[in-house]
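When the chains are written out, they are named A, B, C and D in that same order, and each has its own residue count from 1.
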Amino acid sequence: MPLIKIDDREIEVEKGITVLQAATAEGIEIPYYCYHPALSIVGSCRMCLVEIEGMPKLQVSCNTSIGELPPERKKDGKYDMIVRTQTEIVKRERENVLEFLLLNHPLDCPVCDQAGECFLQDYSYKYGRAHSRFLEEKRVRKNEYLGSNVIINHNRCIMCTRCVRFTREISGTNELFVQARGDNSKISIFEDKSLDNLLAGNVIDICPVGALLSTDYIHKNRFWNLEEKKSICTDCSVGCNILVYSQNNRIFRINARENHSVNGYFICDIGRYGFHRYEDAEKVTSPLIRSDGGFKPISWEGALKEIYEQFSRSKDGEKHQIVGIASPFHTNESLFMFGRLMDNIFKDKSIIGKLPFIEDYEIHFDSGFRISKDRSPNRQGLLDFCLNLEDEILQKVKTGKVRLCYALDDGVDRKLDEEWESFFKSQRFLVVQTYAMTPLAKLAHLILPGPSPMEREGTMTNDQGRIQWLKPSVSLTNKTRPDWEIIMEFMNTVGKRELKYSSVNEVNLEMGERFPSYRGMTFFKIGYQGLPKKNIATSRPSEGGQAGNTVT
Amino acid sequence: MDLIGFIIICIKVVVVFAATMLAVMGMIYAERRISAFIQHRLGPNRVGPKGLFQPLADGLKFLMKEDIIPAAVNKPLYLLAPAMLLIPALMTFAVIPFGSSLTLFGRQISLQVADINIGVLYILALTSVGVYGIVLAGWSSNSKYPLLGGLRSSAQLISYELAMGLAIVAIVLMTGSLRLNDIVTSQQGHLFSWYVFKQPVAFLIFLIAVYAETNRLPFDLAEAEQELVGGYHTEYSSMKFAMFFMAEYANMITAAALTVTLFFGGWDIPFVDEAAMGNWGALLSGIAFILKTAFFLFLYIWVRWTFPRFRYDQLMNLGWKVMLPLALLNIFITGGILTIIS
Amino acid sequence: MATVVKSYEPTFRDKLYIPALFQGLMLTFKHMFKKKVTIQYPDEKHVPPEGYRGLHRLNKYPDGRIRCVACEMCAAACPAHCIHIVPEPSPWEEGKERYPVRFDIDLLRCIFCGFCEMACPEKAIELTEIYDFADYSREGLWIDKAGLLEIYELTKTQNYYTVPNDE
Amino acid sequence: MAVFKPILTRYIHRKDSHTLSGYKNVGGYKALEKMFKTMAPDEVIEEVKASNLRGRGGAGFPTGVKWGFIPKDSQKPTYLICNADEGEPGTFKDRLLLSKAPHMMLEGMIISSFAIDCHLAFIYIRGEFYQEYKVLEKAVEEAYAANFLGKDILGSGFDLDVVIHRGAGAYICGEEMGLIESLEGKRGWPRIKPPFPAVEGYLMCPTIVNNVETLACLPHILNRGADWFKSIGSEKGSGPKLYCISGRVNNPGVYEEPLGILLTDLIFKRGRGLIDGRELKAVFPGGSSSAILRADEIDGLQMDFDSLSAAKTMLGSAGVIVMDETVDMVSVCLNIARFYEHESCGQCTPCREGTTWLVKILNRIYQGKGSLNDIDMIFEITDNIGGLIDPEASGGSFGKTICPFGEAVAWPIRSFVEKFEEEFIAYVEKGVDVS
């Protein structure tokens, strides 16, 4: 392990990492533009120059790797490298580079969406000089559309070429290139292409200035107005880590969050712009009961009473009378509660299944980034918690006399095929737990309002068995309640239990008690990065005090 | 007393009451205008000619205001307090002679409501009763600031009533009578027969004590807005609130009249024998009395907008440690001189 | 030990107090006859001095385009959080590419500190000399973009209060 | 001084010097036979090291040492690239070799390839050199036909293929990393070092980039031995060198002289003095990228790498550009700045933005609209692009760009303003040319 010294700090670092990485890890700020950990190093911005003892020139710290020196050549007897980031020369150099970068920069921060999270702003403030010495006219170019969602503002571009390298190295689609040379060079797109690959939105994220802009967010808001929440994407079973930016309970944009076990630095555009679906959806804000061909609002108490009456009337000994339709779009906590409801409350009378998935093709990128073909976020959890899940439920219930059904709805982007439609239509009483007026909800006799995916809280298990915490990005409104709470009320009402979980964390703890592979997967433990599921076989758990196989 | 005498007294009562109330209104107007002038402002000048009807507008406004009685107050006492303050203030005026006697229809009518022989004592007694109004208002409001105001007021009263009384004793010594008419008569003649020249120290003590007595600046500690949010009348509104102010102004008028009576020869015009001029003399003496009183009223306002408020301890210091010994000394000296002369 | 430093030793005359009292009385008496400063407001109007911070306005370019680019710097600088802006891409071909589709100021919240004016990079928002804009409702004191632009028209060439009142 | 017999250019006046037969007639490809018979690759490297041959492309890096940088245990193939992208203003020596003695260079390439175990070599030739390309193409064909190239060369078991690649006309592709990128089919943007091309170059494999002239020297070294080669010239640099003389001299052209010849000799003896007997005003000793020298600085100045470095300029490609008293230095400076602005690749910030800025300022001065402050600005901007030639004076801060282009811009322009400041000031003050 080489021992290096950066400014006054002694740091022991891994061999082969760069000075910039070592300094950043240690919390010493070295400014940079063109460097990005996921991309190749070009060293062209010249912002990260540092002074290294024994080197005649200033060195670009992003491309200077740290090696081990033989004992007799160690600096000061023990260091493998002595780096200085705060000397006069380095400071002057940063000033000069910033001056060059700002020569043709329009300084239109007031209209720039990047303002507030712009490295050009930050570094100018920290390291730049206050005045411009450039007397001539600035270079002015028109904005261009690179793709349907990306606009480039050439005037703001500092030619770091992160975006070009992204399309070459990460998306592998090669849409972007640098056109012309010298002062005339600009980021451009090949004439026969457009920047519409499924990772295109990431170039907006990685652009250190306001050159690449999202048409979805342009001129909508200002960065400092937005509230940043760390969450995970629920648009496919990869479970990418995201940052959700909202103001006044309205989501404005979604950015990628770094998690090397899941998605690296990037997210796909499906997840990035997916939140719009929930904006357009017709929301369910209160329990609704069918009346006169339509729905009318009803209180929670009334809804639960109705459920009790309908479900207790069915206790006439018939087998498989109650069907539960689970959904892989829900959190582990909700599915755990649902599994408990079906397995233990209705016991032998119930069967539990799920709606069929509409499969998409799986998308792989050269860099290893993938978009799973399973577009539901939590099938793994569904399989774990709804243990006697029937895949061929439709075949089974056709012969049975199912007349009561409790369904968790998949959400706005799922269609219902005819077979299922006729099944649901044949129900004497159909309770649907949903957040929007989906085709399924429209068939219901009673609709219970739950949270939309952006409002849910709990754990999700991705297709690699990694348990991640889904944090609500916006808060619950109106009369909607958390999914697990609705199911708990259901259990208390129909099953005469007295469950009193006050938060999703308590459900999570209970879930861990019953399912050892999920034991201890609390938010405090898994944090914002998630943890892989424990590899412990799960047997069917039962409610305490009941006969049956207990879980150790 | 015959019927006509009774009617005359009734008329006198009505006239004096009306005059006092009118003077109160005038005072309100004067106070606002003069204070404005001192501060380079114009003051009320839009209601009626030169804003003369402003007090009417004020009164009307007070009448229209919602009369709030807070839930926590001691209601009977709370309602009683304004009256307790206003009535003694008006009653005091009964013994003050405001002119030489008038001869109408062969009757000699003295321009005084009641010429009682213990006029001075009557005045001292009534002004002391007035303070009950303040204390009651403060206490019955059941609120800390009014209570503090009321307490301050009673403490202040004790400190000053004594000095004031002793200052008057010097006058009584010289006159040999408690009857106010006698005091006025004894000052007739030339200018220097006024007690202000014979008893300057008593005058000064009396004047200062009177300011404290009437709760006027620089001794308005009972209603110090900055510290006590208005003092004893914080919880009052509408006409009851107005009554406190009417009482204060009535008290001022009485005090001014008393000052004139005791030290400035009352209705006396120096070097003029009013009695000899008959009814014209009575009229002139009345005008002289009003003018003298008006000057002191002006002095009140003038002082108010000139001097800052005393701190509480300063006020007590002045009352007990300066004015009381000084008044006693004054009596001692007066007595000594009178003994030597006689 | 603290040292007591007496800056002033009262003389005998001072200790008498009476002369000082008279001095004071004379002073206030003199002032009674000085020129009055009262401005009879609705009849005559006070013309505020240069730099007075009154009602806001939104400036326009000579061609009539609003100067504001909806950067929300004013809203960020506002200590009372009274400025509410909804930005949008501008409909004009030339010039700045962003403009406010809504620009509301809650005048009841505003403390007229002028920070918005200082923060504005486009010299778009300015405080005018207008001080009398009272209203009977809270809604009436919520000024929008149209209102702010109207204020600009009223004040762009001359002082609001020196214009003869002929409205 | 003994009369120097040209080595590289000795036979170029012959009509068939560019053909295989012509080359063989004057002893060509002898070194190859000798090498295959008697030498191992390491011995070749040692021989070249011993000859003290320094790269003729501009930087003057010892060729043998460069070869030695190739990792011994690398599993990757090694490549040799002949840099025939001669773009430096005032330089035209490689062009002469390419058109008149291509086989000499090819022989050098084969020697070099043998030394570094390369089996695929490239010639990156400047796109504008069409005639030279034709000649070269013919020469390669002939070499293949004569089994100097191809499989099992001369029965030695050594294979070598040579590919000629024509550039598209970018100055920056003469820089080795830019050249490699260009050869890979990418944009000609210099790659950041480290890794150096000898470790990771063409297609991330060890690659050696040598100048045409350097390669042409190799057969002679092998033929006559390192000691002979070393004996030519002074101690500071050995071997023959092609000097290009251009500008206001009576006899411009390429002259072969040993390293270390006096600059004055070059101008006044070989170049036969200035046109019309004018006064010498200034000289670029090594192409437009070298700092300019005033007439009073060139007395006794030897044309070799170290002497010129000491004079705060450089030998570079030995393109001597001579200017007489009638030359307007501001105009020259602006012209050079424009050239570099046009040729800047635009990758790193200081060079991309700085060159444009310099042109704008110089243009302003040239048009008589400048200020004295602008002259100071030129100093600062040049320092910010390339730093000072003298590391001491610039506080150790030089070389601020990925490739040496930054220095190539900064040093000459700075030297202009430094050495002819009065002309710039005159432009500023009067708005006219004084000289």
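Here is the rule we use: a contact is a pair of C-beta atoms (placed from the backbone, for glycine too) under 8 Å apart; a residue touches a chain by one contact, two chains touch by 3 or more.
Since the model is a prediction, treat every value here as computed from it, not as a measurement.
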item: Separation of mean Cα positions, chain D and chain A [Å, integer]; value: 54
item: Whole-Å gap separating chain A and chain C, where each centre is the average of the chain's CA atoms; value: 47
item: Geometric centre distance via CA averages, chain D-chain B, whole Å; value: 115
item: Distance from chain B to chain A - Cα centre to Cα centre, in angstrom; value: 84
item: Arrangement of touching chains [line / ring / star / complete / other]; value: line
item: Interchain pairs in contact, sorted by label; value: A-C, A-D, B-C
item: Contact footprint of chain C on chain A as seen in their complex; value: 108-111, 115, 143, 218-222, 224-225
item: Chain A contact footprint on chain D (complex, rising order); value: 170, 172, 187, 189, 191-192, 194, 341-350, 352-357, 360, 364, 377, 384, 387, 391, 395-402
item: Complex interface listing, chain A residues touching chain D; value: 41-47, 49, 51, 56-58, 60, 63, 65, 88-89, 92-93, 96-97, 99-101, 103-104, 133-136, 158-159, 161, 177-178, 180-185
item: Of chain B, residues touching chain C in the complex; value: 34, 36-42, 302-303, 305-307
item: In the complex with chain A, residue positions of chain C that touch it; value: 69-73, 76, 87-89, 96-98, 121-122
